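Below, subunit A partners subunit B and then partners subunit C, in two separate complexes.
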Partner chain A sequence: MNKTMMRVVGVILVIATFLLISECAKKDKPILGSSAAATAVYVAPGDYDEFYAFTSGGFSGQIGVYGLPSGRLFREIPVFSVNPENGYGFTEETKGMLQTTFGQIPWDDAHHPELSQTDGVTDGRWIFINANNTTRVARIDLKTFETAEIIEIPNSGGNHGSPFITQNTEYVVASTRFSVPIPQRDVSIDSYKENFEGTLTFIKVDPDDGAMNIEFQIIVPGYDYDLAHAGKGPSHGWAFFTCYNTEQANTLLEVNASKNDKDFIAAVNWKLAEKYLAEGKGKTRPGEHYTNRMSHTTHSATSTLTKTVVTLDPADCPGLIYYMPTPKSPHGVDVDPSGEYIVGGGKLAAVVSVHSFSKMLKAIEDEKFIGEAGGIPVLDYDATIAGEVTNVGLGPLHTEFDGKGYAYTSAFITSEVVKWKLGTWEVVDRIPTYYSLGHLMIPGGDSRKPWGKYLVGLNKMTKDRYLSTGPELAHAAQLIDISGEKMKLLLDFPTIGEPHYAQGLPADLVHPNTTKIYELEHNEHPYRALSEKEARVERNGNEVHVYMTTIRTHFKPDNIEGIKLGDVVYFHVTNLEQDWDIPHGFAMQGARNSELLIMPGATNTLRWEPQKVGVFPFYCTDFCSALHQEMQGYVRVSPKGSKLPISFN
Partner chain B sequence: MGALLLVGTYFFPLWSITVEAPQYPEGLGIYIRINTVDGHAKNDLKNLNIVNHYIGMQEIVPESIPELKYMPAIGGLLIVSGLLVAWKGGKKSLYIWLAFFSLLALVGLIDFYIWNYDFGHNLDTEHAAIQIEGMTYQPPLFGTKTMLNFVTTSLPSGGGLLAFASIFMGYLAAFLSWRDKQSK
Partner chain C sequence: MIKKTGMVLVAALILMNCGGGDTEAAKENAAPKLSPEGLTQEQIKHGIGPIGMLPLGPQDEAMAAKGAEVFELKCVACHKIDERLVGPPLAGITTKRSPAFIMNMILNPDEMVKKHPEVKAMLAEFYVPMTFQNVTEDDARAILEYLRTI
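Up next is the complex of A and B:
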């Protein structure tokens, strides 16, 4: 009896251990053995990462530059937010970059970085990013990693569906999340249905220097336009925009905009739009907007105000735009590398709907319309749909592609990446993320040529992933190996701001082309001093201009007298260095302003209004050499009305 | 033929001095050419002068080195006379040309050494921020030397090698003609 009992207990113990082990194994399944994962992401000291990843800073307004697979942060590029660290938005030269028709704005919410492409392949020239709040699009030059241009989008509210590009970077498109009165005017919010409209904006990009200009805006019914992607390959010439709130609710959208079973993906034939424009169908309408461009010769931004935009009305332009019904409040719209499949992430659905471009063309030809919405033909869902991916998790948002026939969809609510096969629509793998995945990114994953080795999950919540930093936490990104049949989690790394979306590309497309210095002989700043002989101080009324130079390891001049209270002093500091990684800094005690961080060969200007009488020091903030701590000077501030003349050495 | 090789000295640098340091993983370098001194990369000479000013070394200003003004003319003289010797073919004139060339090469190397010595020892002790007792900074004529954080390598470059080849061919010609004479 006793023996039997013992046997029974023994068997139960064995089974329990077995279950426990298999449970553990199940839990650890998606993670590569930790030493294998460490090897996979290890970049030896002095070696380079294989890919650049550019993450949007979300509510930081900036762009983060990371290396993959290491997850190391290299730099934060100031775009829409001021950055006292290098004077962006504070210096006289860069203030203009943040100019809008509302005045100068120090912050924005930047969501979607988008790399330029040639023939549908990422080319490493520029990266674009949107400002959601005060509607703008920026272009960053990947030679200098500096913001080169910011253009304002008129007749728009909440520039979320932006900046998605066509396959040769002909256009950057931008759709308005909030429909608004166009032009803006004083009307009752309740009059939404009659007075509010949306816009789809096409910004032309100069193929040589990248300069942006608004080519046209399409006026569309007053829904909420969400995201976009341009066609490629066979669908080149078209662009696709999701929208929700086809209910046209203007209050408590959480409920009131979630009633319809299906909302739309708008398919826009932009080649046809060009034809209509050439035929004179465009109307010039009010559309004040600023274009701010940075010059690498004057090192200064120029802001230009444009008063109008050209608009196209779908009613005048048959065939310009069609609506494809898509369940349910679709968020992302992603076009596969072949250009045939248009994937709609039904945010509130448990299904991903895949439209076929060729079926869409056929349906248009056969006039398979089920009606009209705001004068725009609505296609029959069954006539355009190629397939539905079921069991894709709850809250599918975005899809990217690996170029090997698979698609990867983020499921926000179930917090996972779901891998499925194009054509068969069957789910083949899934992996959890931590936590609540928004966008995901594969280098080149929205282009014709994905580099399908890694996937980065960009999460909205962090909770317990890292050592705690109190209520506010860094957002988490997860690096997943997608080179094999099964996805494997490799690395978890914190990011700046909210890493809303990211883009990636092979390092070779950018790293060898970067600028090391600005050449002094090309410096055409109006207040430059190209040698110490040109260093001087000039008074013009109560304005004082200091033409200052820096070189290891001194300022010229470094003693200035004759400044009075009430003066406005401009320090125009030219860095005479012509060596890589030798910026100099300039900080003035009591300046109600930022510092300057001047790159070799550049001139930057700090505006200073002295507040007190006395002798105040300035110094170099960037550790430039062994004598850095000696790089300093003084300014003497005399009382208002003092007769002391300007002097310096 | 040997004299023609000398034409190359107008196009290729005679000598190359390279420095490497933790702060200069890619190296900084200068070329000594027949008529000037310039950097391996565009701003190398400027950056080397900036680095050198910390130890009080004189600035390298090509315009202030008189030898760089005479050398092209001397080189020209050697080429023309060398070609004349080859054309006329006099043995005696070959020996004279060779002796002249060898002497000039020797004087040139000694002069280069003196310049190096001057740059390395004649330091501005009043303004130098970094002064280390007993430390001098003379770059080597041939080879590699470590000075503070810098590893300096000095070697003949394209033009210098051509000059050596030229002088060697001169001696070879002299030797061959001498052997010819012996066998006759």
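Up next is the complex of A and C:
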């Protein structure tokens, strides 16, 4: 055999092997043909995605903004964690956003994004998200994609069951995962049963500007409250909270909190709570918390400390709250689009229990109680249950809805999405995910109007799905087509942090409303410089304030002298541009915080304490024009005690 | 899927241009003569944008004063009257350019820089494109009035 022939045979063998492997792969994976799947997720250059998806960053503390069906990442919104990339949490204006009663906190664990709704339909105004660790709720404005407000939740530990909204965004609800001594005090951990309590917090949302205020907290027995959802339609006025650890264990919970066959879904009549508040049943209790709000006129956060909260005690408020037994250590509680069915994901049971809202009301009326827990009436399981979904996989956690009569439940242990029919409770389809599915998301899938075209699976494990990147891997999301009878896997895409939950909505509810610039005429920052004539440097003791402007392609002033060691210099930089997508950056050598990234029309401030004598440059970091590399300046730093006066040009 | 309005506009422009060039005869006889860039003589003279030909009356001093204020806020970072800064000096600009051209340059700089041959030539000289500074049509008219005074 000559060399040419050997080469030809070799090539044929390689092709044959490849074909065989791809054939096997096709048989192995329940996906569309690769080209059909590629077409289904292809968004041509310059075209737009049909949906936005907002993923929680989990332990990154932020929110990821993706397009569906492409899975492209558009932006990471800094929420609970500092972000030196744009100065969030480092600038004088944004430091206050991270203020808490524990001081300034640079990080958190963000789990559940929740879009605002009007009449139970996603409206594209705001997205809320919780901080688990140092208990807070944030509101992000979907015009600017910036964090507009963060409110701290007092009397809480592990703000996991949060932030779920009522159907007109009247309230954001938040429940404590960890029960704690209320108020906090120095007690033995063993005294858990006597001293630890939980809270269900109702945060009122201003319908016009979204401003959040804690309206009331309900004091509840010291269990672990896990997740929540508000009622809708007929069940509007109620909110539902899962809880586990009704054993009230305080050590080795994996065993000690898993003993009871059933834990509870708490049903809270919040409209009745409003009535009790009006009747004066609320008690003012200690509850120090900060509310931090960003203004888009001053471009600065204001932090306000509130000392107390109003609490309601179920013992004083008959009918306020009932427990519905639900197997076993239930995790998610999800209300179907009609508002009739309340679906509990029985984390440690291989069953999804569906309660009926109308049966619940009847059971309350007929007093079908089997006893009480911590003074709260416990309803008879058989009196509220509408059906049980069996064969739903192991570890059912969360359920979303497609608006066409089907529900989709994530099964964590068996790594699958299980589709079942509301009313008959029969499983009609299932599809594996890769791997260990936690939350799943259908755009609008927890509202009255789901857009049931795609489902995104948010997996906890990644393993071999992508090119390897060492011990740490990006978490895997999977896009599944749910438009037909059978679910079809379309796409894998990596996500930031731990995408715990996500929410999605049609792009046209957000995209056309975006803020492109901040108008200079409305800039009310106390240190603004609205034209180059106002640019200046002022000394006040050892504080130096630089009123700086920036426009393509220069800073004004660009040379500053008369700074001394021991000075604290504040660069207040106003971006005079009024054109979309022309931020300027500002980086100062030796600054121990971050850069600034200043949006058109805004003023941001970098604090700089010079460390060395010499002449130090600053420059624009965001490539803004052909002369970007010319966009620079110097600061001369003289020794302490120097008599050199301030000068600039 | 959402379509960019911009793309629709571009498509519309292309269609309009194609319409003008259907047949050689039509081009010769009926359609206005287009520049090599596909612009009409009107567009070459008065710029591309919302403002058509704009006859000016006598100088309006109050409007010029308002224009000076807007100019101070939105323009001076890049323009001086007598010398080059980021952009060209503006002394005598109203004798060099038509009123509509000046306003279109303020109101629609993106398209002017991309399509107008003389503005494209300026980009090659100044490197930084003229930017839209969120100026309203009324304010642009006032700036024009101010520029008549310098």
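Throughout what follows, the second predicted complex is superposed on the first by the 620 of 649 C-alpha atoms of A that agree within 3 Å, B and C clash if a C-alpha of one lies under 4 Å from a C-alpha of the other, contacts with A are read in each partner's own complex, and residues count from 1 in each chain.
Here is the rule we use: contacts are C-beta pairs under 8 Å (C-beta built on N, C-alpha and C of every residue); 3 or more make two chains touch, one makes a residue touch a chain.
Just so we're clear, the structure is a prediction, and the values are computed from it rather than from any experiment.
Asks: After lining both complexes up on subunit A, report clash or fit for subunit B versus subunit C.
Replies: Pair status: clash.
Asks: So, A:V43: does it touch subunit B (first), subunit C (second), both, or neither?
Replies: Second partner only.
Asks: I'd like to know which partner A:Q578 touches here: subunit B for first, subunit C for second, both or neither.
Replies: both
Asks: Once the two complexes are aligned on chain A, which partner has more residues of subunit A within touching range, subunit B or subunit C?
Replies: In the superposed model, C touches more residues of subunit A.
Asks: Of the two partner chains, subunit B (first) and subunit C (second), which one does A:H554 touch, if any: first, second, both, or neither?
Replies: Second partner only.
Asks: Of the two partner chains, subunit B (first) and subunit C (second), which one does A:I517 touch, if any: first, second, both, or neither?
Replies: A:I517: touches subunit B and subunit C.
Asks: Check whether A:L627 is in contact with subunit B, with subunit C, with both or with neither, and answer first, second, both or neither.
Replies: Both subunit B and subunit C are touched by A:L627.
Asks: Could you name the one stretch of subunit B listed in 81-89, 153-161 or 171-179 that collides with subunit C in the superposition?
Replies: Here subunit B runs into subunit C along 153-161, and the other listed stretches stay clear.
Asks: Touching subunit B in one complex and subunit C in the other: list those residues of subunit A.
Replies: 517, 551-553, 577-579, 625-627
Asks: Which residues of subunit B touch subunit A in their complex?
Replies: 42-43, 46-47, 50, 53-54, 129-130
Asks: What part of subunit A is in contact with subunit B in the complex they form?
Replies: Contacts found on subunit A: 517, 551-553, 577-579, 625-627, 630.
Asks: Touching residues of subunit C toward subunit A in the complex: what are they?
Replies: Touch residues, subunit C against subunit A: 1-4, 7, 72-74, 76-78, 86, 127-129, 131-135.
Asks: Under the touch definition given earlier, write down the residues of subunit A that touch subunit C in their complex.
Replies: It comes out as residues 43, 46-50, 507-508, 511, 517, 519-521, 530-533, 549, 551-554, 556, 576-579, 582, 601, 625-627.
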